[in-house]
């Protein structure tokens, strides 16, 4: 009998009980998932990206199914930071959840303003900077598309955030050069990186022949994008082996989570699969733990980055 | 977690039947049956274990029975690949079912006269509602509409449960030619209805809401908006709804609904973000006091 | 009864009998598909990218399945231009196939050299420039990653190719900015654009915890990438409405082909689905024709770009 | 198109059986049955219509019968999700099957003595081969190996068809403990074998090729390399093979094989691109005359 593996993992200063998180925007306020399991069992819960003011988001229909994935265009609907601090964050804390607060904005100042209010209120275990937001300065582009713009945002948030609270920059997979973007964010003060956000994409409705979701720009997520996401994590880890990474994109099973860990992520977030299976996060955690146990791995940290070992090196736990 | 919240089950299929243009599947799901209140729905994973179809399909719960510890029935029309796959299920296959989901129809305290209005397969949730109302001593009258005779939903059970049952079809192949709203006002007057319950396609609900408004009758509608998760996570099913505070919010049909008070739903603005909705582009916070922005219970799901 | 729609489509100077093509590298030499159907029925057959010298490609295993897709790393195995001209191109012509010859190389000179020999031999109806080849000048990057480099290659091929033969530049979806890349290629003389090539990605083998395919860089293709590909076509068409496009990426059914046409492609290529269904191309052609017939569309050209019509405009054939 | 090329069919499943550690599926596929020659394989689409599993699964054809116009049987072990899905098929389900694929075993003109060597499920194609050889008057001897008793393939039919049948298992649970190659030389001597046919995992084939070489016997091997398409399109199944001209090429197992002459396959270099392979990195064209580069029939598939 193999002993139960130690599932704790480190993300810069933060220690999580285990590496499985719920991804930003895919876990509601936490309350919705809490109807299916105790959210304190997760390594962390990332919140929907919080903006300064309330946002109504984009018109419905906001979603269209794609092969092994979906294209979504929610448009950051949310109540704004004040209601978040008053209603949602305290609730997460009351449940014993570890809150990764995702922040968004239309410019470095708004991002920083949100981070500052978070700092004042306390309770965020980590701040994740969602860089896949349109940059009003660069027409049609997101902050994540221009490393220098992304860096400005990260620098502003890092400056406004509490010292002990790690700031992670969340990157897009369809960035010009994910590694260059990663480097720019780390240089600007990011304590770690979350990757990947949805990829740009759209469908055309076969009957109306109109873009779906409306407007012609949505985000593709789900298992369909997993190899792209794993590739981003792998390449970033190779370039920046010291920077802690949160990997995500299409995680559906414990074996998928193990893929991200081996590629170099220290924690793994589950997004779209929460929609398909409300217990996905705890199921994936259980499956991962079992896989590690079967391999005889003592600590989850032992498999982090395992895919980078030189050829011929021992496989962890084998 | 909570005892009256939804559960996720792997439920064996008991029966698959054809009912006119519809398929009816009954699954054994005691925990869903026991929690169910009329107006709620369930969602089903489709395509099997390695399916490329990721999103669950939502269906209204049409019937709940105590057999085998508790069974649940839903009816559906084949529309795309998900419902086509469901139509091929056989007895003993296992389905991944989550339910019951959403807010149920509020039931009147007193034995009042209830007018139940349904369109096409949207009529499904009205049947358990009718039974619940009858158990409370309410009078029930049905108005059911559809495009054609074979899409009129459970005409026979409607006749059996209700005091009166009126049918309309677009093509006149069954009942009165026309729309449910054409019959609604007459039936409401004849039956001295006190309250209206409706479900069906959005445009029909909009017309029912209008008619109920003109008749000064309170109305509850169960909306059908395309859903990504059914559990309140994905924010894809939003409908502009006016809150107690008078402000319009983009409410999630799956957890804030599917049942809403008809006059609260801005039917004409469905599929848009009304300019005056909370957080719409150009919208300005109306107060510096964060408390004033409210956090209505409904939005929290 | 609707009349049979006119399926002919134009790609710069070239008219195809119908808009369905087999994608480069996914149709062998044509002979392999010809065992299942008459390849003259296709609008065109794109060849595996031809290099100057023979290439052995990458070691096996070269492929790993991913959700609704696959990750491949063949490495342009092929016999080189001379054997191609002697054996494969004449065979395609003898079958009445329309040959889109895809060319590849390790620099503008090699690309041009291949194009020059093609010109001398004649028989190519179109030259497609595969820009997703590693650029030895830019470490680890492909020509498609750097618009200026891509432009150099396109300019060299356009200069070497026969005048009447259209040159299409084949773009990657994970380019920095697909539209900027498209513009650079058009400026350099591309008569049209093919999009998209595979996206970078990889899997990690769940047992060995090693990258799969080996080396950690493969290309993701198949239905999984379709929304990303449709989005690229839509955005490029919006920016460059006059440039003819060949759309591809995960086309599985006639309805998928219609999606690409509506997004702005004048022809649609089928890649990975040939592996899953050797009759995919002719099935998709049949399905597309039937869909157009049901809509009452007279000419396939009428639906090209339909998704760009202003809101409220009539739907073609409705 | 061509009359002896592969066909794609939607074939009804006739039977699904358990055979020790294996599942055996028989499908009705007259066109495949009629074209089949031993050594060929088929490929099956898995997961149903909206499957997220795109790639076809290849399986050796184990048996062909004239019933129902022509049936084809393949055997498989459950390895991953594709074979797990196949194991759940039932009689009358439809399977998407393409076959017969690949080059068959060449049969000797004269009634010579043939030694058939198989490992695990890899032994499947040897059974139709044994029948074909017997019909030509050849003597057939079997050596079948596996990891354990329940993985030894069709021991009873092997005994029935062959003059002698020798079994080896890694754990000694059936027959002789050890590898097939341990038994091979003795059996070849006893049976005065003239030719060796082998299939199974690559390392085993490498050892068989070595043994046959030492015994100076010609050997034909059917290789199993991971396949993306099975039809020669995707270039994923390549194996370094020495051509008639002495040059090594990366040959496609699916159309240039799966059967190769044993001494042509560079078993030690499987999974690599040998430095001297045609077009390997650093490789230099050896002649300006394009004709010299050859275009051996095999490469054209």
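All chains are identified by letter, namely A, B, C and D, in their written order; residue positions are counted from 1 within each chain.
Note that in this section a residue touches a chain if its C-beta (ideal position, glycine included) is under 8 Å from a C-beta of that chain, and two chains touch if they have at least 3 such contacts.
Just so we're clear, the structure is a prediction, and the values are computed from it rather than from any experiment.
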Completion exercise
Every chain in contact with both chain A and chain D is listed here as B, C
Problem - Comparison of B-C and C-D (more C-beta pairs in contact) - result: C-D
Practice task
List the centre-to-centre spacing of chain A and chain B in whole Å, with centres computed as mean CA coordinates.
Solution key: 34
Handout entry: Between chain B and chain C, centroid-to-centroid distance (C-alpha), Å
Key = 46
Fill in the blank from the handout: The positions of chain A in contact with two or more other chains are 67-69, 222-223
Practice task
List, in ascending order, every residue of chain D touching at least 2 other chains.
Solution key: 52-53
Practice task
Have a look at which chains touch which and call the overall pattern line, ring, star, complete or other.
Solution key: complete
Exercise for the section: Going by the contact rule at the top, pick out the chain A residues touching chain D in the complex. Expected result: 67-68, 223
Problem - Contact set on chain D toward chain A in their complex - result: 52
Completion exercise
Residue set of chain A touching chain B in the complex reads 25-29, 31-38, 48, 53-63, 65, 67-70, 72, 74, 77-80, 82-83, 86-87, 222-223, 272-279
Handout entry: Complex interface listing, chain D residues touching chain B
Key = 47-53, 81, 85
Exercise for the section: Going by the contact rule at the top, pick out the chain A residues touching chain C in the complex. Expected result: 66-69, 71, 141, 145, 173-174, 176-177, 199-204, 206, 208-211, 216-218, 220, 222-231, 234-235, 238, 250, 252, 255, 258-259, 262-263, 291, 303, 306-307, 315-316
